[in-house]
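Have a look at this one.
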Amino acid sequence: MAEYHLDPFVLGGRTLTSRLFVGTGKYASDHLIPDVLAQSGSEVITVALRRVDFAASTDNVMRHIPKTVQLLPNTSGARTAEEAVRIARLARAAGCGNWIKIEVIADNKYLLPDGYETVKATEILAREDFVVLPYISPDLMVAKALVDAGAAAVMPLGAPIGSNRGLQTKELLRILIAEIALPVIVDAGIGRPSEACEAMEMGAAACLVNTAIASANDPVAMAKAFGDAVAAGRQAYRAGVGPISQLAQASSPLTGFLHS
Amino acid sequence: MAEYHLDPFVLGGRTLTSRLFVGTGKYASDHLIPDVLAQSGSEVITVALRRVDFAASTDNVMRHIPKTVQLLPNTSGARTAEEAVRIARLARAAGCGNWIKIEVIADNKYLLPDGYETVKATEILAREDFVVLPYISPDLMVAKALVDAGAAAVMPLGAPIGSNRGLQTKELLRILIAEIALPVIVDAGIGRPSEACEAMEMGAAACLVNTAIASANDPVAMAKAFGDAVAAGRQAYRAGVGPISQLAQASSPLTGFLHS
Amino acid sequence: MAEYHLDPFVLGGRTLTSRLFVGTGKYASDHLIPDVLAQSGSEVITVALRRVDFAASTDNVMRHIPKTVQLLPNTSGARTAEEAVRIARLARAAGCGNWIKIEVIADNKYLLPDGYETVKATEILAREDFVVLPYISPDLMVAKALVDAGAAAVMPLGAPIGSNRGLQTKELLRILIAEIALPVIVDAGIGRPSEACEAMEMGAAACLVNTAIASANDPVAMAKAFGDAVAAGRQAYRAGVGPISQLAQASSPLTGFLHS
Amino acid sequence: MAEYHLDPFVLGGRTLTSRLFVGTGKYASDHLIPDVLAQSGSEVITVALRRVDFAASTDNVMRHIPKTVQLLPNTSGARTAEEAVRIARLARAAGCGNWIKIEVIADNKYLLPDGYETVKATEILAREDFVVLPYISPDLMVAKALVDAGAAAVMPLGAPIGSNRGLQTKELLRILIAEIALPVIVDAGIGRPSEACEAMEMGAAACLVNTAIASANDPVAMAKAFGDAVAAGRQAYRAGVGPISQLAQASSPLTGFLHS
């Protein structure tokens, strides 16, 4: 019997086995993070640079992240391209590596990203050899501009950050996946494993999930659920979903046993 | 670190590890069935009694089903309670065991079940010590009658058999799960792993999937996807899904790095 | 220019112009009922027999219902076919006419109907020349049994009574509309005019709306909204909805003005 | 009894009674346009400038538009802000008035708008005293930029132009309606009257519908349906939709007639 390994995901020169990215925010305790990573199988974790307190020897989120996991610092707190660029450079200088998730957010209520400033920051940072992963609205023209700007992937939202509202932008995500040559990583809004699974079935390259794991009653068990669901969705995408029909299609012979 | 095993599912006196049930219909070749079982982890398989040709030594679907797997013969082809009862008895007499999935279907277009006849067949077969699993519309009063009739579980549809249309009856499934003391096993209509995952997140005890696996481009890979998705959904149900909010909830500190 | 009158709806020998039925429950004051009827254009109103206090000269809901409006007494409170039959006969004896909405409900939480008892009551009352309108789950086999039993229409639910949850059973309603020779009147669950409009676009013959009107801030204005929405949905059904496409279809010439 | 007139919609200094805008594209014959306007009650019609052939005396769409209707020329065909600005100026010079719908589209497959170029064109044209109505993706930051640029309203899409796919962007439309001080006019994608009705219930100021009317079997009847549905949705928005509940809420007294 053939083995059923998933195809690896190559991003920023790194080969990833898991297509689930996780975050560091909102956990009751940062001590949960190693178990979240282990149970989910995730190999990429995002962290707000502000939380990286290099001076502190004890209360530093970095202490909880294994070296084998790819760090994805984010520019949370930036309101302009310029601020995002400064944070990215600080992160690299501080030893956080050259991956950067761009978040440029001027809206405090829905935390929706600013596409124009995001493209500007991406252009600058890509030229400086960052692996740039921008958080965006699912807007095709912004995504196209990010391809030209040198992004490594695009990270459109399913719903507002932390809302657990799911894939509310499915129609637009579908278009991005069909039209954009870069990996599409669904970021923000995913609230349940079934939603991450569906994003993967649609052809997303990966999902980033933070709040849905951190806000579960048992975050570590939920992390495992998300890891499995993302793998299942990728597997299903590759296995080729069968056709949908209006009428029923008998699974079993209908002209029955007893009528023959 | 704690292990994250799922809770076992006890049904008809048997302890099941997997909560995915599969079928034998519509495969390009029955030779795929052992791999479907192995990759999905499923321990229960349904088969239409008509397909069980005990005389034939070569072309018999039974040859492809390992002894360790629980056989769930179904009464496909029955149009009345009486016919279903006869098929069930024949199945047991033929050595297929005492589990029986009741299907009483008089509608050839949507293959929707007849609740009244299904209750009648269940009453009779439960008294004869069958483990009775009736296929039903998601109707609360029929489900209550089946509890009284001695069913081991209820198997409401998500959409018409073989349609791959998904959880179209979510509202009514939710009510059955909340109100019925028996396990609710979603049967029929599930087209993608994300839908099976969602049914499990809602609290379904298990899912039966046939067409969605058999009609995939790669049925064995799809079987694995469904196995993982069902496990993920159960895991999520037990981990406790976090709250949904209207507004965004920042994962990362917002009052930014650069403004402080 | 042609006039765009809607086709009339003939039910129980009466020709109706409006396809919106309303109710009498839950109003802050019964004095709103005449305006609800006038603004919505509704010509049929359902009333629980219990509320018809013939002794009381002042506090009787009947005082607020114009004679031109068709009364549709309902058997609310009945838990069995026998009780429903008794209520129907009492209603007729009391001068409420021969239309009767059968409600047989043994579930106090979701108020879901009992299909089996409903069929029994319908058989008896149809033989006694009632115009029988049974409230049902959207179950095809129950609906077929009601056709045989002599019902004048079937009234499947969109969601639990009074929940304002909308057309949660769309998949099953669509099947009833396609398969049942009687008018399908969507009853229960409709919370907004857009949902009533959609039911009509799908081919429902009419909608019954009570809670959504009575629980609005301004019930009379909401009654008008429902009247217009139901008419719009019927109009759209007859006008023939255009095809849905995956891609965009330019409304305006694309090869632009300035490029030519 | 109070009258139930809708509140007027003031836009660009004009007071509109109807909140349905229509288009001129895709009709089997332009001769249908006057009836579409009359039956829908629409007072605003969009037309691609290219279709305005002032030289032609017979084959000119303008001949079919009554003078009392507000003309809304659109910049269809423009791929940049500059081109949109040129078309707008030409339209005004040609006597089409000072309303302009900005469409800047560089994507030929989904016809999705370019937010950045749209903002640029809006800034220029608003300074030149146009009443600027820009077609946009439902992106909050673009909408905010358009407020600053002097737009008279924003016109976010529900789905790709001409797709009849409905309100696929509901989540983002809801945010625009809540956050943007300008009228939100849903443009593109609406396929059925129920969808226009729902957009209005959500608080949209108006809807623009072209393909769904033009592609109906009977466009004039469908125009009437849309006119009524939009009015119903506005009426419902003002009447205040009642609360949604998980459980049923009895409309009629439950503790029954016969049990008392």
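A, B, C and D label the chains in the order they appear, each numbered from 1.
Keep in mind that, in the parts below, a contact is a pair of C-beta atoms (placed from the backbone, for glycine too) under 8 Å apart; a residue touches a chain by one contact, two chains touch by 3 or more.
All values derive from a computational prediction rather than experimental measurement.
Asks: What chain lies farthest away from chain D once each centre is taken as the mean of the Cα atoms?
Replies: B
Asks: Taking the mean of the CA coordinates per chain, how far is chain A from chain D in Å?
Replies: So the centroids are 35 Å from each other.
Asks: When the centre of a chain is set as the mean of its C-alpha atoms, what distance in Å lies between chain B and chain D?
Replies: Chain B and chain D have C-alpha centres separated by 46 Å.
Asks: Determine the centre-to-centre distance between chain C and chain D, using the mean Cα coordinates as centres, and give it in whole Å.
Replies: 31
Asks: Identify all positions of chain A at which a residue touches two or more other chains, and write them in rising order.
Replies: 109-110, 112, 160, 165
Asks: Treating touching as the only link between chains, describe the layout with one word: line, ring, star, complete or other.
Replies: ring
Asks: By the touch definition up top, name every chain pair that qualifies.
Replies: Every touching chain pair, ordered by label, is A-B, A-D, B-C, C-D.
Asks: Give the list of chain A residues in touch with chain D in this complex.
Replies: 106-107, 109-110, 112-116, 137, 139-142, 144-145, 159-160, 165, 168-172, 175, 179
Asks: Name, in rising order, each residue of chain D that touches chain C in their complex.
Replies: Its residues touching chain C are 1-2, 4, 23, 25-26, 35, 38-39, 46-51, 74, 76-79, 83, 86-87, 90, 103, 105, 108-112, 160-165, 191-195, 197-198, 201, 210-212, 214-222, 224-229, 231-233, 235-236, 238-260.
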